[in-house]
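Letters A, B, C and D mark the chains in the order given here, with residues in each chain numbered from 1 onward.
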Amino acid sequence: MSRSFSATILHNDYQSSLFKRLVVKPSSTVILPKPGQFYMLQTGDSFDPLLKRPFSIFSYEENTLHFLYRIRGKGTHSLSKLKEGTDIQLIGPLGNSYPAPEGDFIAVAGGIGIASLFPLLQKFEKRAHLCYGARNKAELVMVDEARKAAKELFIATDDGSAGGKGFVTEYLKHCLDSFPGAPVYACGPTPMLHIVAKKVRDRGIPCYVSLEEHMACGIGACLGCVVKTTAGQKRVCKEGPVFAAEEIIW
Amino acid sequence: MVNLAVEIGPLKLKNPVMTASGTFGYGEEYAEFVDLNRLGAIVVKGLSLTPREGNPTPRIVETPAGMLNAIGLQNIGVRAFIKEKLPFLRQFDTPVIANFFGDTIDEYVQAAEELSAADGVRALEMNISCPNKQAGWIVFGTDPKTMDQVVGAVRNVTKLPLIVKLSPNVTDIGCMAKVAEDSGADAVSVMNTITGMVIDIRRRKPVLANATGGLSGPAIRPIAVRMVWEVYKAVKIPIIGMGGIMTAHDAIEFMIAGARAVAVGTANFIMPTATTDICDGIEAFLKEERISDINDLIGSLTTSKK
Amino acid sequence: MVNLAVEIGPLKLKNPVMTASGTFGYGEEYAEFVDLNRLGAIVVKGLSLTPREGNPTPRIVETPAGMLNAIGLQNIGVRAFIKEKLPFLRQFDTPVIANFFGDTIDEYVQAAEELSAADGVRALEMNISCPNKQAGWIVFGTDPKTMDQVVGAVRNVTKLPLIVKLSPNVTDIGCMAKVAEDSGADAVSVMNTITGMVIDIRRRKPVLANATGGLSGPAIRPIAVRMVWEVYKAVKIPIIGMGGIMTAHDAIEFMIAGARAVAVGTANFIMPTATTDICDGIEAFLKEERISDINDLIGSLTTSKK
Amino acid sequence: MSRSFSATILHNDYQSSLFKRLVVKPSSTVILPKPGQFYMLQTGDSFDPLLKRPFSIFSYEENTLHFLYRIRGKGTHSLSKLKEGTDIQLIGPLGNSYPAPEGDFIAVAGGIGIASLFPLLQKFEKRAHLCYGARNKAELVMVDEARKAAKELFIATDDGSAGGKGFVTEYLKHCLDSFPGAPVYACGPTPMLHIVAKKVRDRGIPCYVSLEEHMACGIGACLGCVVKTTAGQKRVCKEGPVFAAEEIIW
């Protein structure tokens, strides 16, 4: 059960014009991922793009791994062109995972951050108060699925094209007040995570953030992805991507 | 059976495939993917006398067929390496080569002394692509005089095989290799990364927090092969070739150009088993070509041009 | 409306997109694909006083995200150019820049004189990445003293804007740019190709008949952007940036790093309309970013590092 | 009618394990090619492979261009992976063409050289005495089609796995003797072309060879593809690829 394996693409379908869902079938038995873990995925067949790209596990079923990705730059474009039947190389599952919540919990997703939180929502079904925000409606994905998996769902967009207008962190305050003691799990752009951390800080409840950094190796070797913490520099790919918010030096 | 063993000065390698410093951590990160016993040598992440924080992030950005890194030589320091990492590496039947650097000649010398005294370090690789604090931050490896001084000083304090890793950011790498040879190096590594920059055009800022970074990967391979060939013509000491080696084919190119051994860097990120895949590929090539000793391949390039 | 016009010393360009020497023939080869009136300038294939045969083939080999060429400066010679090619180019409302070179200082000087006298040559670009016959074939552009001599000598015989095209195969390109500036150059082009080699591993021979060739294309872009930035910090004269520009995005990177104009080379081979596509893309970017004058973009890079 | 145009892939099918046939539909009206001309084809979607690759026109019908290619290195591998519906950029038709034969003619094809000669065989149907050689049977392609288009067909392989054993140029002598005065058209590896040229040289009949060189631009700008001729250096992409054999300095 090597964490470096090849897999065949079963599906690589648009969810909307910006998002695709990739389903692969590993060619050998693989280690089962935990919510919050990620994989490094080969995105093409040449040296351009060169590096594998990190993607969170979105869901897994017997013998298939699912990823949800937003088409962004060169790597995700290349990935989006791969057809069913193509074999790609993966490394994973990598990194740590979200600690299991004991009861209900609060989840804050910014944009594609939903992909990382989704297995948590599913594993602990109907226990998440989910605040899900994005720049606009087009940047939201899997809303129905998220609604089904969560206990309740608050949507916010910067421009008000879906849900409430404004930052998703506005809903966080409401949740924090309504469900005191519920731990917070957040994944999204760093500025959003920072706001989440600040809002939760003085409440004495656990707050876990899943960080992103540019990655080359994904396995702790290149030191490309470090983050400063109260316990020194840590590698997002190895000691993370999930960190206790108070540990991060923002 | 083909012979894959090569000698880097006094150091015997069971095969010519080593890891490139900084791309293989301290070895342990790859132990689950690669049988470390199968490597020619393990070159660890560059070490300094005292630990280094390195640069802020982003430290990595991809470029066409390459990547820039500006790790900034983050490392745990010579002592922590010897105490925490070396015991693990001693388990394997593979020579460990300690890559190291300093801000001053003294730092180089002290790091070299401590590493030489450690059980399990079989050779030293000096990274001289870093700036000299005491000489206006001129890079050691781009100035023949400074290079001579620092290599000579390290040579005086170590009996281990001493490999000098050359910087490609120079006018004449053959000349720099000659300086290293004359200053007492047992071998040279060719080459380190080439300085590059990528700009975020919306923000008008470099993508890397450090502004510039070192270019590695297949993009630089033709340059590295040329430099190995130039160095091969300039010196007698063995050459360790590196720069964009992704496959056995590429490794063989370097050996034909004159490299006695090769180091695999960026390829490890793309395929964790790259080193042993390449070693297998070299062996297969030798069999196909009916070459019984890899040493017959080294420097076998023929050209109509001098 | 945005202003795209830039000035390379005394030379006014309607937009900053030029062609890179040797990749656009004498202009006529691309006339069916590109409206030559829309170019900032046309830089023609490097010319020497007398015609040159160039190297044997193969002259071209592809590399990851790049290519090596060893054309060997084949050209029809200054006089044939003036007689046979210039009349066609004079039809267009686009300045013609004559790229030229020599084996000796005398050859540079004579070529410069004849080109300066020709009707329709609006500026000279000196290619100094070639070896000096009278000084052990050391490349003019890698030795500050030789470079000073040859640039100074040419400066004395021409009143045309003089652009010196720098070689990247040097330790400190900022220093070489300064030499060019001090020797009388009105502008510098950064950069020429980087020497590289590809080996046919079965035949144990270089793929190129000339053994080595010049690496161009996207692979070298991060190096070229870095060099433009270094030169921008070192000199006051305008910079023409080039090396791997494929899209408007890339051209903008160079301008932010400090290039006053850009030259498109290898991209022409891949997309014959690359030059005008890039020009359109730059204009679109300026509009999006609400920048009314392209000159505000030039050298707009901010970094936390000096 | 620009010679730089985009086209949609209609088919990209294996003819055998080594050869594929590519059919594209230009998105605009294009110039009709002549036998012996070629196109520069985009082979992928990234900068690796970087350069377009030259391929002879194999056949053309109303609004479709056909190419026959052998999968060799990086570019042809990349091309072979492109799926129907993909758009690619082409430049062409490029270069000169085979001069029209007056009566019967002799054609000598080595390996994939058949692709270049095929439109000549078709245009002057049942007039070619075709000598078609390859290393072995697997390296032969479109044999039935060639047989149909030619007047007669001689096959030779180095190992005798199809047709006669030996060099295809052995059949040439027979044809030259049997059809005196018939012009010769040859396309294949340079050593084969050289042998053809030598065999024909003293007979005083026209002999045309289609040359190959590494190409970057395909349109005469880079000077990558020159060949030495009795009239100085010429560009294979512009003054060629078809040359009178006696003109070439081998």
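Observations, loosely collected:
The rule is simple: contacts are C-beta pairs under 8 Å (C-beta built on N, C-alpha and C of every residue); 3 or more make two chains touch, one makes a residue touch a chain.
These figures come from a predicted structure and were not determined experimentally.
Chains that count as touching both chain A and chain D, per the definition above, are B, C. When chain centres are set by their Cα atoms, the one at the greatest distance from chain A is D. Inter-chain spacing, taken between the CA centroids of chain B and chain D, is 46 Å.
Chain A and chain B have centres, each the mean of its CA atoms, that are 36 Å apart. The residues of chain A that reach two or more other chains are 46-49, 74, listed in rising order.
Within chain C, contacts with two or more other chains are made by residues 64-66, 217-219. Taken as a graph of touching chains, this assembly is complete, with every chain in contact with every other. Every residue of chain C that touches chain A in the complex is listed here, in rising order: 64-65, 218. Listed in rising order, the residues of chain C touching chain D in the complex are 22-25, 29-30, 32-33, 45, 53-54, 57-62, 64-67, 69, 71, 74, 217-219, 246, 266, 268-273. Partner chain C is touched in their complex by these residues of chain D: 2-4, 42, 46-52, 74-75, 89, 91, 213-227, 233. Against chain C, the residues of chain A that register as touching in their complex are 47-48. Those residues of chain B that touch chain C in the complex are listed here as 63-66, 68, 142, 169-172, 194-199, 201-202, 204-206, 209-212, 215, 217-223, 225-226, 229, 244, 249, 252-253, 256-257, 285, 289, 300-305.
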